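Quick one: the structure is below, questions incoming.
Chain nomenclature is as follows: A, B, C, D, E and F, assigned in order of appearance, with residue numbering initiated at 1 for each chain independently.
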């Protein structure tokens, strides 16, 4: 039995509060269990130098934790004067993941800045960030469409992320809280689309290894978790979710044609 | 008439949600108008080098804004690799202010880390931070007293802060929102105690000056605002507020004796 | 009796040596008691990005101490790799103060760099810096007028700064030396114009508070000190002082008209 | 047909020159195709703070490229003043991977510093680094055993890494050179042990996704490549390879017992 | 007798492997004794700001050591976040030295980046870097001439560098290895041209001094060593060496005319 | 004829004002022509880690320029966040030079911090710094001897530095001002002792070279200049100069014995 009495394939309670902040084009407060992240999407009317003049946009992400999001207070990265390797890894992951389900040609020469600020951490902060950031990005795109900044809906599939781990006693378990994560031998983060394809797989055995069969079990759990997370995103987005479905359908037809 | 129809001596709506986060010893989400700040107080069992071995504690504060707390996205100070002068000024102010109403001998060789993270900014972020941080500090002290970390209640007066400005048309106005602040000729931040004494006065005329009479008007408005803010702190703290009153009374008796 | 036998409202001896250095457009060596600061004003033919194309100028200040300006040697901020919060606070203050008595439209798209380098410190380094910087700025403006870089005299009032403190035994005292400052319960820095208006008030009670009456006493002392400092600036500037008086008179007439 | 005429499941030519440098405890120059990396293993007689006093060791890795390892010269990270996110990600990966096949209790309170310096880059620099670092680590352990620094052989399995990608035309291909990597839709780095278990899986679809079936194909190619790489490590290590086999056998027996 | 049985005026064995790397326009692996340096020359089609629009080029150099080039592992300068004073001194020296034998007008508005990466250190890394960098630069110029990037051969003399020291027992000795360098009282680095003129003399007596006569002896040894090093450069460059000779001859004729 | 009408072997006017500042153990304001440097010597009761427990001391130097010491204002290195290569080179030189004429065993486990702050620059700032620092160091040692911090006089020779250059028209000239330095083809800095021995020779031909005969002429000029500078140091130090002479004599006798 898991420490919080969940079943092996059970997610923690999820809530997604949209339009949480006043200023950003898109914003949510997402909670998965005790992990809470403010995700915002901000539009800037220019792109990084390597993209200038190509008529296409970019998505870049930043991730941070409040110093006391965690059990022990962490020194701020601004005070330390540099961003940690862990933070860089996470923000690169979030950016890459979101770029996989959007047609960057359709947003013009704009950068979408995704900011994921963890205000409370209890495991799965990077996967929660991706899941929340997808919703914030969708809200920002809806706003951009409404005010004419963009002409065509650019997001062509849902995107969510979840962690799966292997507990030395319980075997594979879905959506680890911090205490479970600390015990797990293997930790896998899976980012998937609504169509059920992988965007990112990051599995690591810290001082441990895992077999092909264990991998297959992990992936099956991830698949189940992602489906449920996308259901929650759909509920939070309401009518905007239809835009994603339509774009997905259109893309499918085009690729079949 | 002010842009949001307030009277010159009227504060914006205030809310203080205590125990907002799970991990910190004390935490609040404070809103004054559209300005929202998460204030936390964290205890660490050691003091900075200059205080070691003296048996007394220290309070230090850090302040930050989410990148999209503001109308335009700001680059993170962690990304920039250094903390701005404005941030340093504010965090030094918050720490000094809180140290004025606490008996540091009573908290032993401990540091209280105050973190003020602005999640939405609409003027008055530094004064809101101080007002909220006082409550978070009180909650942390109550917890420390309850679990025996400290033996005696250390906070001997209330503390709150407010801004007052001089508008070119309206004259002196209390508690400026961002748009008012941008127009004001003079900007004064006042930190006061429950007893009505000043802890900090920071008045500045950017490309302007102010007379002695204007100063007296400003101070009268500040006095009124502070009293109301302390009333809100009192409501938020409930029974803990009594501890402050008792310590204040005791200190008064001692200084009269 | 004060430790150096001054009266409560007595400034330390003042000297202002103008044109102290060869290269800068304006420079002074100012001494107030044992505090000695080299203040220079340098003109640069461009403005910061936020002002470009507006036809107006800017004043920015930097402040530093020689490592052995103080009793104990301080590590250089260049060696440390970053500027301290205290330094940033001071240089922001100096810049703001000087911008209040100059018409930035009259200097064109130019930046005046004010550098205040403390070569010997004995209390009041920030107020001495402001008082000296005013003179250096005036010298630089005179030179700019002489060589045709600017067309009209831009400084329309005198500006000086002084510290006042509250000593636990002596009460309010003017112009604190370092040893007095270390004992003071309240420390107030006041920046005022020749007209007797405030530009900046920064009063702080480190682990202490002060009453409204104490504030009024402090301000009266400051007023007296500032008048005397401006007299010294006037002597140092000689004929250039007349330009300030004329511009002040003209501004007064305009605002009355 | 691949651009260098390899088959889809064919590695590039491999060479491993052991004891390439004079000073390090272990060193190799490994070449896979045109990618060349100097890998060294250095022993230090202390561990990071979080491990002190536990009697066990640590492995940490650093990775860098010569500025002109690449087609275009890259600015040095020392000149830039900070290490990039990509570099941090890679060095964290190398360290984690190596820690999975060593019993850190057997090396005592020592840190093994792994340095991977890419002198020529043509794709696969991180996987080549891991494959070479394993050999350098083994050489350093042999030396430590010989001179009595450690008492028991600590490495209990082989470890190698390889990249697999999905080319838009050719499908899944093994061991991508730089030009192939630039075209690939999916890029997977796989770190595996001699026993055939996964240590790390990092698969990413930059602006693309991949299906479960594609994943299975990728993993099969990786498995084949890893086996061959381990064969090369075995040849390079000569008699030292036996130590690994014996430790692996012993560990297997223990886990079966 | 010297520790490696060399005579006082004897260089260590020298090898220069040209075109050592694939990507750079010019590259060598130079070994002098156990000191090994990879020197590369890279062309960039722009110059630093202070040279723009003048139609002439620039040479700039960077120097680094692999962490384990030395007996003890050194922390990377990228990890440390800044380049040491020693490194800066050396890279400034290398750049200045190379600029003395090239006609920068002949390379157009281009920067040649010289990178000297020490992979194994045993004394004389800066002089070895200069000696190797000259060859890499020549190779890059040959390539630039061949592909039409430049029109005229720009290098008009050979350039090499050597160290000479004064050993407390043996007196003046040429080309110190690390152990000799550690004992030497005086350390002189001499950079000379093929014509026998000095480009740089850097002599230092760490906690010691040296007389005029000792200086003359040192310079005589340096002269002998440089001649032999240039012979090695000549051999490594083959036909390209003729270009240098011709340009030298032409320059001589011009200065005599 | 030189631009300021000096003869080729003539120094600029020199003044050395001792005890220029209040706090440091030793301080001077040295002027050579228009170059003015404040040199201070500060004692700290500990040594760098590499010297701990050996009972001997250390001398370390820092060098800086006021931003407006020069014709054009330079950005502060503290603002830039790092010390330039030029500054590092100079401060390493000053420290090395001073360590050559002092017996570090005689100052105990102490560091002497030498600070050279250029307040006005007109060529020769590094040589002026060394010449002034020698006097500041001597004053600090006298004070340390007087208050019993050290038992025996540690400085056993005079030390001064001068620049010599080769002007394209005038040939070798002594003590270059900035305008001469900008034109010179060769720039040599020479640090010598009272005994006439070299401590440092740094000669550089930026985009030029120099012959053995030119070197001999340069050294003869340096010798003459140094003698005169030491005469000035002797005058400034008064009776303290005798201590140096006695220690020099004693050292000579010991080395002859």
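Heads up, the rule we're going with is that a residue touches a chain if its C-beta (ideal position, glycine included) is under 8 Å from a C-beta of that chain, and two chains touch if they have at least 3 such contacts.
These are the chains along with the protein names UniProt gives them: A, B, C, D, E, F = Ribonuclease PH.
From a predicted model like this one, the values you see are computed outputs, not experimental measurements.
Student: Quick one: which chains contact chain A and chain B both?
Tutor: none
Student: Along touching chains only, what is the step distance from chain D to chain F?
Tutor: Each step joins two touching chains, and the minimum needed here is 2.
Student: Computing the C-alpha centre of each chain, which chain sits at the greatest distance from chain D?
Tutor: So the farthest one, by centre of C-alpha atoms, is C.
Student: So what angle, to the nearest 5 degrees, turns chain A so that its CA atoms land on those of chain E?
Tutor: Nearest-5 rotation angle for the superposition: 120 degrees.
Student: Where the centres are mean C-alpha positions, what is the separation of chain C from chain F, in Å?
Tutor: 35
Student: What is the distance, in whole Å, between the centres of chain B and chain C, each centre taken as the mean of its C-alpha atoms?
Tutor: 29
Student: Can you work out the whole-Å distance between the CA centroids of chain B and chain D?
Tutor: 52
Student: Going through chain E residue by residue, note those that touch at least 2 other chains and give them in order.
Tutor: 81-83
Student: Going round the ring from chain A and on to chain D first, in what order do the chains come?
Tutor: The cyclic sequence of chains is A, D, E, F, C, B, beginning at chain A and stepping to chain D.
Student: Touching chain A in the complex: which residues of chain D?
Tutor: Touching chain A: residues 82-86, 88-89, 91-92, 96, 99-100, 104, 188, 193, 195-212, 215, 219 of chain D.
Student: Flag every residue of chain D that touches chain E in the complex, lowest number first.
Tutor: 21-24, 27, 34, 38, 40, 42, 44, 62, 64, 66-71, 73, 76-83, 87, 113, 115, 117, 119-120, 122
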